[in-house]
Amino acid sequence: MKKVGIVGANGYTGSELVRLLAFHPNIELSFLYSRSNSGIRISDLYPDLATVCEMVLTDKPVEVDILFLCLPHKESQNWLSQNAVGDDVLIIDLGNDFRLNGEFNNRNFIYGLPEINKKNLSGAKSIANPGCFATAIQLALLPLAERGLLNEVYTTGITGSTGAGQSLQATTHFTWRNDNISAYKTLTHQHVDEVLQQLNSFNEKEVSLNFVPWRGDFTRGIFTSSTVKSDLELSDIEQLYREFYEEAPFVKVSEKAIDLKQVVNTNRCVIHIEKNENVVVIHSAIDNLLKGASGQAVQNMNIAMGWEENLGLNLKAVGF
Amino acid sequence: MKKVGIVGANGYTGSELVRLLAFHPNIELSFLYSRSNSGIRISDLYPDLATVCEMVLTDKPVEVDILFLCLPHKESQNWLSQNAVGDDVLIIDLGNDFRLNGEFNNRNFIYGLPEINKKNLSGAKSIANPGCFATAIQLALLPLAERGLLNEVYTTGITGSTGAGQSLQATTHFTWRNDNISAYKTLTHQHVDEVLQQLNSFNEKEVSLNFVPWRGDFTRGIFTSSTVKSDLELSDIEQLYREFYEEAPFVKVSEKAIDLKQVVNTNRCVIHIEKNENVVVIHSAIDNLLKGASGQAVQNMNIAMGWEENLGLNLKAVGF
Amino acid sequence: MKKVGIVGANGYTGSELVRLLAFHPNIELSFLYSRSNSGIRISDLYPDLATVCEMVLTDKPVEVDILFLCLPHKESQNWLSQNAVGDDVLIIDLGNDFRLNGEFNNRNFIYGLPEINKKNLSGAKSIANPGCFATAIQLALLPLAERGLLNEVYTTGITGSTGAGQSLQATTHFTWRNDNISAYKTLTHQHVDEVLQQLNSFNEKEVSLNFVPWRGDFTRGIFTSSTVKSDLELSDIEQLYREFYEEAPFVKVSEKAIDLKQVVNTNRCVIHIEKNENVVVIHSAIDNLLKGASGQAVQNMNIAMGWEENLGLNLKAVGF
Amino acid sequence: MKKVGIVGANGYTGSELVRLLAFHPNIELSFLYSRSNSGIRISDLYPDLATVCEMVLTDKPVEVDILFLCLPHKESQNWLSQNAVGDDVLIIDLGNDFRLNGEFNNRNFIYGLPEINKKNLSGAKSIANPGCFATAIQLALLPLAERGLLNEVYTTGITGSTGAGQSLQATTHFTWRNDNISAYKTLTHQHVDEVLQQLNSFNEKEVSLNFVPWRGDFTRGIFTSSTVKSDLELSDIEQLYREFYEEAPFVKVSEKAIDLKQVVNTNRCVIHIEKNENVVVIHSAIDNLLKGASGQAVQNMNIAMGWEENLGLNLKAVGF
């Protein structure tokens, strides 16, 4: 049993990690760190955890084998600067501090998208877990990028309210958000750079990504549609995707139309491709808190530790 | 054209009054008062009001013929103590300051439920607008109370998120409230006293009301089911209700099952009665912001001013 | 008072017309035609219409001054072939039978987008009411098209469930659709031709439109984001839009971010423009049943009859 | 590994069983029976099952150790009459054919509410799985019934759309149901008899149950509030509940307010008790498809087979 600590366990991705790790067979939770909620039982913050995990949040971390950082952006660096962590501890950062530049202290954070980095992640000690939109968009585009087939990409994506975190904001007020759709960070979302860094590492031609993110009136999930130009036949593109994801247990290239709820409460990504004349549209869907955050973090832990990739991740879809 | 001022125009019921009064043929808006948002355009707070009403909120009230108070509880008294209002100004208070005790300064606030008080409201200068749950429950029970047929009442009611106001709270966070149901103020909701005061003024026997309010995962509307005992035939009860509401343009006693959306975005109340053995269940539905607040306030204004009761209240239901 | 008949009054757009016309000051409803529901009271199909309109659906049309056709695609032609309609009767077709080719019998249907066709619509006897997505997308693009500034357009749009009509389908089952997002008719939506016909009548260069429609988990409304390239300054583009819509009472070019609920239950369209480098994104929102169908039909009627454009269309937004 | 067959695997409860059993360590699925969808892959009906279970539905059952019947009411009897099932096969019926009268052929169906029948269920060969509302209401009332403290009960319960099954109906149309609340089967719901049979087997005085079921605008879950009279102190009642459920791993008596989403996608039931004067309100919440159907069926299987009660039921709550 490996010892695990979660820093920022009081947030959405932190508590989702608790939900996952409470039933993971190879680990035991050693501490749940939160400065603001220290002394409070995690199940008092998230009552669905009652009987599942009754640990008390602490601001005193102890020694562990694996450390998850679930902190607001830029806070991971601060925390690591202020808290000593042994060199042999596996650190998985769910924030965006180390995604674009993985060098920090003596560590070199590997970008934790297992579908492209599984080899590097095996045995890794430092992992930068990808962003939620970045995961959904990359999984939709990587097979084309690998072949150098990407040029200009037009993507619209919609995200659930959990993507905005637990803070109370005008745009997370139920009265405002229910039955509502809106755009935000048009063309300037912070995940664009993250996506381009990966795509451009594959694709010879420089890729441009015009990304319009929308806020959706649901809590969990991301659905994206990316439009690109290609002269390949649809069947060839599909074949290319199937081959690319042959060894990816959580990615499914579907010949049929997909919808968001196929993946809600799972670590899966579903992809569907359509084509009309020379225009290709690739749809992808993930659960932003799972494949887009905490689920992928567990997947990365499994790979880094040499465990089965889907350990603790055989999650029942919400389905309905 | 009568001049109207709205105090607390920045809140939900205040802005809903603006939506209604902007199209009312007999009035003109003179000022929208808000201390906290003074200087801000109402359409910047509520962009659906763009082109409909572009007035700037002010903390300097001017003389008007009609004054609506849309303030948090206890604030109406404070405001009236601090601001001089002429004796001939019609004041309609949407808070609960004057519902249980209508005496204030030299004014005597009439309880503004037109279905029982239309005569007193005609020509009135001071009106205490009923609470939202109080309206839905009373309209469901008054015909029985008038005949002295009520004894013990068991009511469950569910309300939309607008009932909780615009402040950001854990229970109005979209992530929490979406697809969620919960109870609050079980047996102790502040509207119970208001309901009992009216029911007991009719009913000889003292009525008891066991009221369980629920929070619903929608924004607008109240649906209630009240269970009572009665030996009357269902058809007699229905007849009694139809007679009671014969002259009430906004109350419809339906022989068919009702649902909440029949009344959303209207000033209407629909009622449906069912019976099994000696147990009677009366269902009622209203829009909490309209018949439960601002719509009823306009209805009261119309009656008080001697105008047609439904002036400015022929609202298109949302329907779907 | 002009006499009005509605054919297909039992459907969503037909019943929405009833909701609007019941309160329109210049008309009276003469008949509500439905073959399948003949003999049934409209308020039994749509109980929100109780007390508002209690007419019985009929399959025997009578003489009227104005006729609305709210029929499934291709059914308008059939109906007009089988039922004699006087030459002086104003016909407004809400289907898509006459949008691409307006010639039928001796009539020439004018494309009923008032923002570009107001002059032609004035006094018209035959009007083809635009499609819902077609309205939202055109209003977002027309000011650029008029200046010949459009080239390739990438649009994603999301529509409420009322867009799918009242038939029971797998994709309108609540259990499936709640909290769900999905794409349909990718790149092949029937409104693309309708949009291009108008855009290309303005724009010198041939416009291409890559349109990805999504199904949303709400009932009313359309939100679209269109991405195009332009070297103009954002302020110049905004100016261009404001000028284009100067005389359009229902279109608002907003400097601030927009959201869908700003227009739900109104006949309005709101537009917001953003720009990053040479990429421009234009967002637009309408209520698909109002500005996207029945509301625009009433607007067209008003213009054709020489009445005020917004008669009967001063609708209270749902707001929340 | 025990062999399992599911009859009616194409429905909601059947497919939910597949979701659960696909990851259950002690069983393997031998057949998924469906007459109407024979030959179709289950993952084509429920795409969330892709990669999880790709079995093809069949109308040819084979020999198994455990048989789940997920059929419409009265169909379980028919199926068992037409298909031979060995005496040593464990049959768990999720319909209501054997709940009120467990005698059928040579079998005697045990009522499968583990919280009262665990001993009888251990080693049982025939189990009648309780109804969803019946589970939620009984768990809320049994500790009082056991002490003979129940007399008259007033219960309101709200259920998600999955409770209505997968057939397309007016009341499961998204356009109708979204943001809507309605009552159905007022005082006459079929689960009332089932509840009373159990309560009256405990409670000396005859219990009466006035039950008003509501349809909610969400897919999963049941929330109930039951009002009763009692002279006991609240703390004594809570103590009584805690003792009653001491050995029940899936029932949590909460000192804090509960909400529906605490249990969605889990097999848990949460209960919260409030009291004012001599009036007691007991709230309970379950996931109607899990503790209210398929989850409880797996729990019953575990108990009957002598396995750990929570095997395969450590489900991640949806949480948000």
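When the chains are written out, they are named A, B, C and D in that same order, and each has its own residue count from 1.
Criterion: a contact is a pair of C-beta atoms (placed from the backbone, for glycine too) under 8 Å apart; a residue touches a chain by one contact, two chains touch by 3 or more.
The UniProt protein names, listed by chain, are A, B, C, D = N-acetyl-gamma-glutamyl-phosphate reductase.
What you see is a predicted model; the values in this text were computed from it and never measured.
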B-C compared against B-D, more contacting pairs: B-D
Centroid comparison with subunit C (C-alpha atoms), farthest chain: D
Between subunit B and subunit A, distance of the C-alpha-averaged centres to the nearest whole Å: 46
Centroid spacing, where centroids are CA-atom means, of subunit B and subunit D in whole angstrom: 39
Subunit B and subunit C, separation of their C-alpha mean positions in angstrom: 34
Where subunit A touches two or more other chains, by residue: 12, 161-162, 175-176, 178-179, 217-220, 258-259, 261, 264, 320
Residues of subunit B that touch subunit C when the two form their complex: 12, 15-16, 19-20, 22-23, 44, 46-52, 161-162, 178-179, 219-220, 249, 252, 254, 256, 258-259, 261-266, 268, 270, 289, 314-320
Touching residues (chain side subunit A, partner subunit C) in the complex: 154, 156, 158, 175-176, 179-184, 186-188, 210, 212, 214, 216-221, 223, 225, 227, 257-261, 264, 272, 274, 276, 279, 281, 283, 285, 320
In the complex, subunit D residues that touch subunit C: 12, 161-162, 166, 168-170, 172-179, 217-219
